[in-house]
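You will see two complexes here that share chain A, one where it goes with chain B and one where it goes with chain C.
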Partner chain A sequence: MPAESAQDRPIGSGGSLGLTLVLSEIAVLFRRLRTWAMIGALALIPILIAVVVRVSSDGSASGRGPAFLDSITQNGLFVSLTALTVAIPLFLPLTIGVVAGDTIAGEANLGTLRYLLIAPAGRIRLLLVKYAGAALFCLVATLTVVVTGAIIGALLFPVGPVTLLSGDTVGIVGYFLRLLLLALYVTVSLLGLSAIGLFISTLTTVPVGAMAATAALAAVAQILGALPQLEWLHPWLFTNYWLGFADLLREPIAWTSFADNALLQLGYIAVFGTLAYGRFSTKDVLS
Partner chain B sequence: MNKNWRWLPAGIVPAVIVAASVSGSAVAEAQPQLPAKTAQELLEFIATSADDAYSGTLEQTSELGLPDIGMATPPGGRAGDDPTSTALELLTADHTARVYIDGPDNARVQVLDELAQRDVVVNRDNAWTYDSATNEVTHAVLPDKESVQAEAEAKLQEKIAEYPELQDVPRPPAELARLFLARIDPSTEVTVGANSRVAGRSAYELRLEPTDPGTLIGSVAMAIDSETGVPLSMTVQAKGQDVPAFETAFTSVDFTAPDAALFDFTPPPGATVTEIPTKDELEATLDARSGAEHAPPAGTPTDGHAEPEVIGTGWSTIVELPAGTATGLGLPSGQDAPGMSDIMDIKPGMDPADVAGAQALLEQALTEVDGGRALQTSLVSVLITDDGRILVGAVSTEELVAASRT
Partner chain C sequence: MSSDGLAIETRGLTKVFGSQKAVNGIDLAVPRGSVFGFLGPNGSGKTTTIRMLLGLASASSGEIRLLDGVMPRDARGVLPRVGALVEGPAIYPFLSGRANLPRLDAADRPPPPPPRSTRVDAALERVGLGHAATKRAAAYSLGMKQRLGIANALLAPRDLLILDEPTNGLDPQGTREVRGLIRSLSEDGTTVFVSSHLLAEVEQMCSRIAVMSAGRLVAQGTLDELRSEGTARVRVTTPDIDDASRVLARLGLPPQVHGRDDTITAELVVEGLLPETVNAALVQDGVRVRGFEVSGASLEDRFVALTGEGFDVAG
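Entry: the complex of A and B
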């Protein structure tokens, strides 16, 4: 692991300005080889799907496999949707878990945390800055899947007006507006998980532990969400609306799931944000 | 000194969230005050809503005592696309649907599945269905409204010629409502229930309660919007079951005219379009076919048009489909018990996993009873006798078995 976090950071120089801190955090995050490896892995998902479909395309729409897979041969723009459907349950939570779990525990592990904390008020700001970095990664990760999917789809397959789930068609511009909304929806969906990761990261000085715990929680929540016996619990799970992004592909757009999802994620941010504050502000930072 | 106060927000935030969600549902429970209406007035009120334009979201839940096939389906997929599975899935699984209505001529229903959608569009002359999972469209040309009306009017005139006293019978909605109530009175108790709130609107409740002890149906309740008379929910309660056996209700409703473009439908490129023949076309094909092959092939039931027999009256009516129907449909009839593969319409292209899943489901649902096999749900029972008859009714399996013996 490169020990660049503290050295490259202009500590103190912009201490009064939160923005400088956020920018430096983002710079550190995206200067890491690990971040780019994860983004590369995410970009591989749509590429893999598109190439496999192109190579084995014998025109038989079996109706099996992930949603939208059959539509790819007719319209390459569907690669983004298939890739998102595949990435949301596993790959996106995994990468978010790595980034969010590393936020505080990573600095503690490198022994750089105490340098970042000069005043007690600095702790809140550090939490906010770390969270902003994780949230930005959510957006970048989602956009990576969507944009790579659209590009590789356009390269390998014909492109044209897109059929929505309701059977209506939209032009390419309208479709890209929806894709952007969709990326926003998925980003919002992942914010709750990022907050959980931030909290777990304040509990430990072993970043790998926090990463694994965060990713495992995402899996546990999805398993609980698949059990009909726990139906009363489902609206409270942060994974509940993860596949609801399809509501943006209906005509007219079903905004309720977007709003419900945002409210739910806001609740998770509030609960785990305050928990992280409680833990981090009372913690004795020794490293 | 003590830094523990910093944990305070972490305690307050969950408390606020819980309080907000509890108070939110408490507000919804409040019972509205409305001017009293009789059952007859409510029926007239519903009749006035036929021309209304509105849109809304419906939630359907059912608790029929059948195995839930939704559990065995992967996200984004469905338990097979053959008609049997689709019908079972529509009945047993929970659904959310959006409804757009503009008068009696234009309607659009969208069943919102996870990562998929099924649409039904009806505009003046055309009816379309679209399934996004299979990219299949069906299209039917609706019979001309005027000719249907003319036909009905001609029939009425015929009747009037037969019974001249009908001429003087006025038929306003009020009169129809009175006739309807008089007609169902002996078997059913029609009452006005407690007012409720449905989709944020105050609503009357009209309850139908069968007096017949033989039926499985406990009650049918309908919530009627207090301003427009549009039915907002329907709940069917089964006897001896606390949760409604079937419930469909608006969760949100908007009484402004929906966008007219919603009722236009053009099949998307690449979709498979199936045309459903009109009545005339169907008759023409049938005539042509019977001309070509006069004698029906040996082995087919000759009385293909045998009328189903109706046993009993009112809520415990049992419909008996004559012998041969079950085998005609491919259902097993005991004697020459065919494999389960004959039960469903299995096409060569179908995925074996789909077929196996649907078969297991049917095998699980059917139970052996005296003289055949039965499917018992909390509302309806179906009996397939060993000699190939099918009996259906909103009664217990025992009643069906008894009826099959007579």
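Entry: the complex of A and C
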């Protein structure tokens, strides 16, 4: 035995919570150029909207275009809201698809998956850590849209108290708090999709395939959600509450859609988390 | 067979892919403290075996004991004491060489006491990557990646190292360094299990070897045991071919005359008959010996005999 034997190491004590691995996962995620490219692209959405509206604003409210678009000229605070509405159907699911689809398949593709497993990371622990990383990205992505929108809106347009959908008026601080709440709502909305991405990611060693499949599923779910003939299916679609954040812009706040959404997303996390575990815990890692 | 004193022990280890047995009922016994060579041509099942040893792939049947545990059941207790390089190194190309190591170390739980950065620096120094540590790993050459992979295996004190083709992609200098590294680790008491398709490499490093061929373990033992299973051959160069041939025949060695008319060879098939005795007999009978050479008993002949000569990868 070596003098400094490996046997002396305690088993299963301290540090076994995996916090180090979570931090490492976050560091690896945010040290990638790709991650910052996606965050940059998301930040461009509110900037583009604000600049275009500012440049072309001649006071005529056409009533067309994304929701809240016409309100921007009167109050810059609406930039965040408009940008979120634009980002939710396509851009956010796309970036989440990239991150969630890459979780396991990306490591398998690099070959680092085998080294993580023999470290040993533990298969369940690795899944949890990977999911935590993807969930954090959902929050960062959503906040990027909201915060960039708030900044560019304040720079280009007048900012003042906002009239909510219920007719009440809140101050800037109150409105900004609601925007953060809204960001939280959208983050929660994306957790189900992240779980689906994690599961798909355990099926393949080709990350691009998992990313595309995840993003495509988000599109399919939204299309199904738009077909009135499938009304019975709508409450079960993970995209069902994606644009249902209007309740957070009333006074008092109606929490029902937030709660329904959270419950639905939890269901998706449970189902696809279990599937991912079932697949990954017994998978032969041959990459 | 007792598991005491063995770092790796498998019984009837089998892996079936579809209808093909990639690994077919192998019984490995790797003594603690040994440098153990795991030989076999490409596609003979070495890497699949290693994957099963480390719990990356499940065995179709059979048992595995690794150090004091049963794999994969005790993976969590056993694997932190095992360092491994499996099927080449794997890197995060967008991280520096130095940043790659803490990533994998973070997956180890709980990490050993010395601070991570100390261990990372020590491992990089040990494989000679100290100067290139801050370079992006994407810019590493194959040999540098290989060194980084070995550094990863050395991040913590290990009782067992499993190195799959450790000198792959290394220049002769690097190959020598790796051999030296393995020797020094072995002197510290670490058991080293090295797989290779290069016989010469294994012969220089290992005290024991096992030979795989087409999924089966065809030989296992110390180098000397394996050598002694082969037959040595004497090769005599002389102008007196006929006399030499007669002497060899008298000693019971069937002589073989080859293309050149001054060379004759014979397998030393008579037990206990030493080459020097053969030479003395030749000279005594007036054979003018110009050259006398004992060849064979080489591990290479033995290896080829066990695994087949062909260049084809085992299907």
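The rule is short, and it goes like this: the second predicted complex is superposed on the first by the 268 of 287 C-alpha atoms of A that agree within 3 Å, B and C clash if a C-alpha of one lies under 4 Å from a C-alpha of the other, contacts with A are read in each partner's own complex, and residues count from 1 in each chain.
Criterion: contacts are C-beta pairs under 8 Å (C-beta built on N, C-alpha and C of every residue); 3 or more make two chains touch, one makes a residue touch a chain.
Just so it is clear, the model here is predicted, and its values are computed rather than measured.
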item	value
First, second, both or neither for A:T256, with chain B first and chain C second	first
First (chain B), second (chain C), both or neither touched by A:T282	both
Which of chain B and chain C A:G122 touches, first, second, both or neither	second
Chain B versus chain C as contact partner of A:T204, first or second or both or neither	neither
First, second, both or neither for A:G267, with chain B first and chain C second	first
Touching partner for A:P228 - first (chain B), second (chain C), both, neither	first
Shared chain A surface residues [contacts with chain B and with chain C]	282
Chain B-touching residues of chain A, taken from the complex the two chains share	61-64, 66-68, 70-71, 74-75, 85, 160-161, 163-169, 228, 243, 246-247, 250, 252, 254, 256, 267, 270-271, 274-275, 277-278, 281-282
Sites on chain B touched by chain A in the complex	3-4, 6-10, 12-14, 17, 57, 68, 70-71, 75-77, 81, 98, 110, 112, 114-117, 119, 128, 130, 132-135, 137, 252, 259, 262, 265-271, 351
Chain C residues within the chain A interface of the complex	51, 54-58, 75-77, 79-82, 84, 86-95, 99, 102-112, 152, 156-159, 188-190
Complex interface listing, chain A residues touching chain C	1-7, 9-16, 18, 20-21, 23-24, 27-28, 31-33, 110-122, 126, 282, 284-286
